[in-house]
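By letter and in written order, the chains are A, B, C, D, E and F; residue numbering begins at 1 in each of them.
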Amino acid sequence: MSGPIVVINPNSNRAVTEGLDRALDGFRFADGPPIECLTLPEGPFGIESQVQSDQVVQPLVALVQSRPDAAAFVIACYSDPGLAACREVAKVPVFGIQESGILAAMGRGDMVGVISLSQASVVRHRAYMRRMGVSLRISWDLAVDLSVAESAGGEGAFLTLLTAGHHLIDDGADVIVLGCAGMARHRAQLQTDLGVPVIDPTQAAVAQALGAILG
Amino acid sequence: MSGPIVVINPNSNRAVTEGLDRALDGFRFADGPPIECLTLPEGPFGIESQVQSDQVVQPLVALVQSRPDAAAFVIACYSDPGLAACREVAKVPVFGIQESGILAAMGRGDMVGVISLSQASVVRHRAYMRRMGVSLRISWDLAVDLSVAESAGGEGAFLTLLTAGHHLIDDGADVIVLGCAGMARHRAQLQTDLGVPVIDPTQAAVAQALGAILG
Amino acid sequence: MSGPIVVINPNSNRAVTEGLDRALDGFRFADGPPIECLTLPEGPFGIESQVQSDQVVQPLVALVQSRPDAAAFVIACYSDPGLAACREVAKVPVFGIQESGILAAMGRGDMVGVISLSQASVVRHRAYMRRMGVSLRISWDLAVDLSVAESAGGEGAFLTLLTAGHHLIDDGADVIVLGCAGMARHRAQLQTDLGVPVIDPTQAAVAQALGAILG
Amino acid sequence: MSGPIVVINPNSNRAVTEGLDRALDGFRFADGPPIECLTLPEGPFGIESQVQSDQVVQPLVALVQSRPDAAAFVIACYSDPGLAACREVAKVPVFGIQESGILAAMGRGDMVGVISLSQASVVRHRAYMRRMGVSLRISWDLAVDLSVAESAGGEGAFLTLLTAGHHLIDDGADVIVLGCAGMARHRAQLQTDLGVPVIDPTQAAVAQALGAILG
Amino acid sequence: MSGPIVVINPNSNRAVTEGLDRALDGFRFADGPPIECLTLPEGPFGIESQVQSDQVVQPLVALVQSRPDAAAFVIACYSDPGLAACREVAKVPVFGIQESGILAAMGRGDMVGVISLSQASVVRHRAYMRRMGVSLRISWDLAVDLSVAESAGGEGAFLTLLTAGHHLIDDGADVIVLGCAGMARHRAQLQTDLGVPVIDPTQAAVAQALGAILG
Amino acid sequence: MSGPIVVINPNSNRAVTEGLDRALDGFRFADGPPIECLTLPEGPFGIESQVQSDQVVQPLVALVQSRPDAAAFVIACYSDPGLAACREVAKVPVFGIQESGILAAMGRGDMVGVISLSQASVVRHRAYMRRMGVSLRISWDLAVDLSVAESAGGEGAFLTLLTAGHHLIDDGADVIVLGCAGMARHRAQLQTDLGVPVIDPTQAAVAQALGAILG
């Protein structure tokens, strides 16, 4: 129970890892479990296809196996790469941020809207929501056509996400999930401006990891 | 954000509140949000029927309205009494332990088994799972025929829960939710003995409250 | 079997009760069960929020318990307040008009459209349709932004409902449910003008009560 | 509106029609719509296969077209033969007893058990429940291996149905539908002995016809 | 195994049968099973209503029974008339083209769009998709308002189908099913122009028949 | 269109590849597309875990990319490893045998039973059925506790599968899918002995590949 929560960014963009790290500061306590954010060196610069998502599974499994000290793992890419495989080899709980983000959202509103990077990822998410058995709770998964790196950018990215959020709310969503780990820095301001809960999926996963290891 | 997480036991059995309070110790940090456990004085000694569940809604709403300092609320009865009404009046997130327990379980296994107090509660839970839109993820909700107070008891209660857990696993569950706030004290030992994750729903709700307020 | 069908308007707007009473005239027979329409004196003037809906549960339970002569009860508010609790205490069948209206509609068309008072009620209805397990049969629940009292009004209300009905049909509905007991007076004309079955949910509930007590 | 409710037994077994006729006596009022029960002369003695069910569609359509005076039609065979075709040609509401029986049951309990004649009919019913979009509300459809004529028989048939009812209740059903028009005569006694609502589907359909024409 | 695959066009429009016959040329091999295309002489010129669909069931059953030499049957009308009845009497596999077309599409894309002849058929298809239990995989069933004969026509029909296909893709479909046997001649060009798989349901059914008899 | 259907056995057990090859003989025609069966040299001897399944994705993608002459690909392992990734890179249709086997079964019966190698694979299959959106059509997925190699064995394996088949039929299945490519050799005899269609998923996938390339 004294081990760290190990959060793995499966792409090799260290700016994304640093963004995650900052976004998790609120979850660090003097006498709480350490939260460690790692970059997967073998990962591509951004995971934007199925091939790239599948490519990181083996390095992720190896990384998980190399950290027997961890109290829990979080795989911080919204395609939840290698989640099933890492659960198979880990002796501790493993969380995927898409799964965690959706579950957190289901406790905050009735219809969940998702902001995704690309139309191709929307198709993958829809199948994943069926797999999770929660399709009746998803209103719309809206693509904004940004790269992982762009979504972590400044004003321009924020305004794109804000517009998408308004579209989702007009369509019936009463809670919104950010469909990429890179969007974390925009969460708080989006929630303020949109007036509905906005879920950063990595924060959601870390909260669920705390639930699993502190109980 | 500096306010407490207020956990309300909607029945008036103070032993249950004390059990909850102990079960949440792991979630208290030197520099983290306080977690306060209250007993609803107007509640019945145990909530074991729909009428009793509906009876506590107005006192719960009043209690929520009387605590503008709270950062989040948790309603700690597995029938999630007054959840929708409290969400309507609260300016902060409100969590129900059935909803939170099921969502937490869905991040730990594929098929969720539930241990419930009575056959009547099983019927209510099934309708609630449909309402949540997650019926495909629930394997079996098994009644053990205990009162709230009995489920919080010692060795005898533990053995009853252990037997139920084994039945659920044999039937295909790979994660188990304790269907009453009173069962919290048995969680850790049950998880050890059963070899699958066992979710205490109040702990799950507090973890989700942390996720909502620390993000 | 010789007792009355007791129809309870859980709000205290007597004009709504009188409207219900008239709308049920067709169901009264010389040698049939009496149909009695009551106003719940403790109810708010209109039930337009979750808190108001939950507020009437205890007076409804008390009223049901005070009428051991009833052959059946109908709770005539589209949020079906207290339905589960009243069923728990009543020795005779209890019907909620949302449930009954939807079930009746499912026997008249394939896709059910609903005209609701407000966007907030739409969210509650959607969760209720999931709870009923019939989401695949609901096309659209469209809010018209009227109060209970306004929906029972004259020409203006009628035209608002007619426009909503046309929108629902264009969207694929082939049967329409009036999502408030107050709209009863408009049913027949709406059905004529829209050319699809229009269901008044209180009439639907009384028909189902007849089915339960005459069988 | 002054026309009769025309109930058609699509098989040619007049004893079944007579049983229906008696079972509907409670729905006849001095000043209410007449309820007329007809035997389809072209029907087989019992409809126990898909081929027999499809065989009666054209005679049913012809019969419906020959009765422009009817206020509503009920097709009184649990396979709902010709329901869609009759709805296409009729200018008034048409009810099928399987659909009506299930809808009525969904207003009386949470999980619906069905007593069917044969395993082959169970397979057909399951597909029909999916078509209705209500599969989550059906607990078990249990075959008793009786012919239509046998199910309308005396003590022996009653005991077979009673045993089936107990099995369904043990399995979680809290309301039971009789899956053949011929079982009507046993409904009241089964309900008394089983302690849960027992739905005769023809009575349910007539109640829904009343709802459609009296509104 | 040496018998033919018998493809039955249940309408009496021989031009449609000839179109089918040509569309199946690719499935004929020197040493493979013969594929025979028949016109049902008793069928209407086009099956465009439920009554017409039900009308052909008995002649279809008779035809199936008259061909004990067949290795498999395909019923080549998108309403799948008589599918259950023919399966009951045939000793060999029987395929309906709607069912086969949808199943084939589910192996080629995630969301299936359908191009249908009329709004009335769209309603029937939606119920059929629920019956198949695959509603979550259907994006939109779009009516083009053509008769069977018109859909088999030239340039004008092609452009109508092409426009419909673009609408379906814009709405999220990534595979398209032609909702009438008559549209077969347009399949290849539509697939080329639309850039997503376009399924001719009769070809899909014949492929599944091959799978059933060659295994 | 003149290229071969390339069937890839993603494990390195050549006996399994040879069994597949023989099982596909019926699909080879003098003037039809060649069907080529390959062994993935990088694969494990049997794929019996998630890790092993994910491990073969990259070699599968490479193999697919190395065969631009192929008309279609079949991935012949019941966990459908790499299906999404291979579809992303291939310019021609790619089939997974689990998906194809289930779709073929849905055209042969109403409730699909599956015979799987191990309890762990059953859990993976259940999630996959939800992902496909077809859970309502699956009756039971029964593990027989054999390795891939054992399932391809002689009399002993056959009797184990036969017993499993009888259990599935008793539980309501009317069509059975063999949940491992290695079981192909037993299909015909199992179908004869069980009296319901038994689907070999590789044959099903090849039939669907024929449908895709011959149309």
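Observations, loosely collected:
By definition in this document, a contact is a pair of C-beta atoms (placed from the backbone, for glycine too) under 8 Å apart; a residue touches a chain by one contact, two chains touch by 3 or more.
All of these numbers come straight from a predicted model, not from anything done at the bench.
Among the remaining chains, those touching subunit B and also subunit D are C, F. With centres computed as the average of Cα coordinates, no chain lies farther from subunit D than A. Between subunit A and subunit B, two chains of identical sequence, the interface residue sets overlap for the most part, with shared numbers making up over half of the total. Subunit A and subunit D, compared by their mean Cα positions, are separated by 52 Å.
For the pair subunit D and subunit F, the distance between mean C-alpha positions equals 43 Å.
Separating the centre of subunit B from that of subunit C, both taken as means of CA atoms, is a distance of 33 Å. Distance between subunit E and subunit F, defined via averaged C-alpha coordinates, is recorded as 26 Å. Among all residues of subunit C, those that touch two or more other chains are 127, 130, 132-133, 135-136. Checking each pair of chains for touch leaves A-B, A-C, A-E, A-F, B-C, B-D, B-F, C-D, C-E, D-E, D-F, E-F. Every residue of subunit A that touches subunit B in the complex is listed here, in rising order: 23, 26-27, 29-32, 93, 95, 99-100, 103-104, 106-108, 132-137, 187-188, 197, 199-200, 203-204, 206-208, 210-212, 214-215. Those residues of subunit E lying in contact with subunit D across their complex are 49-51, 53-55, 57-58, 61, 82, 84-85, 87-89, 124, 127-128, 130-133. Across the complex, subunit B is touched by residues 110-111, 136, 174 of subunit D. On the subunit E side of its complex with subunit C, the touching residues are 123, 126-127, 130, 135.
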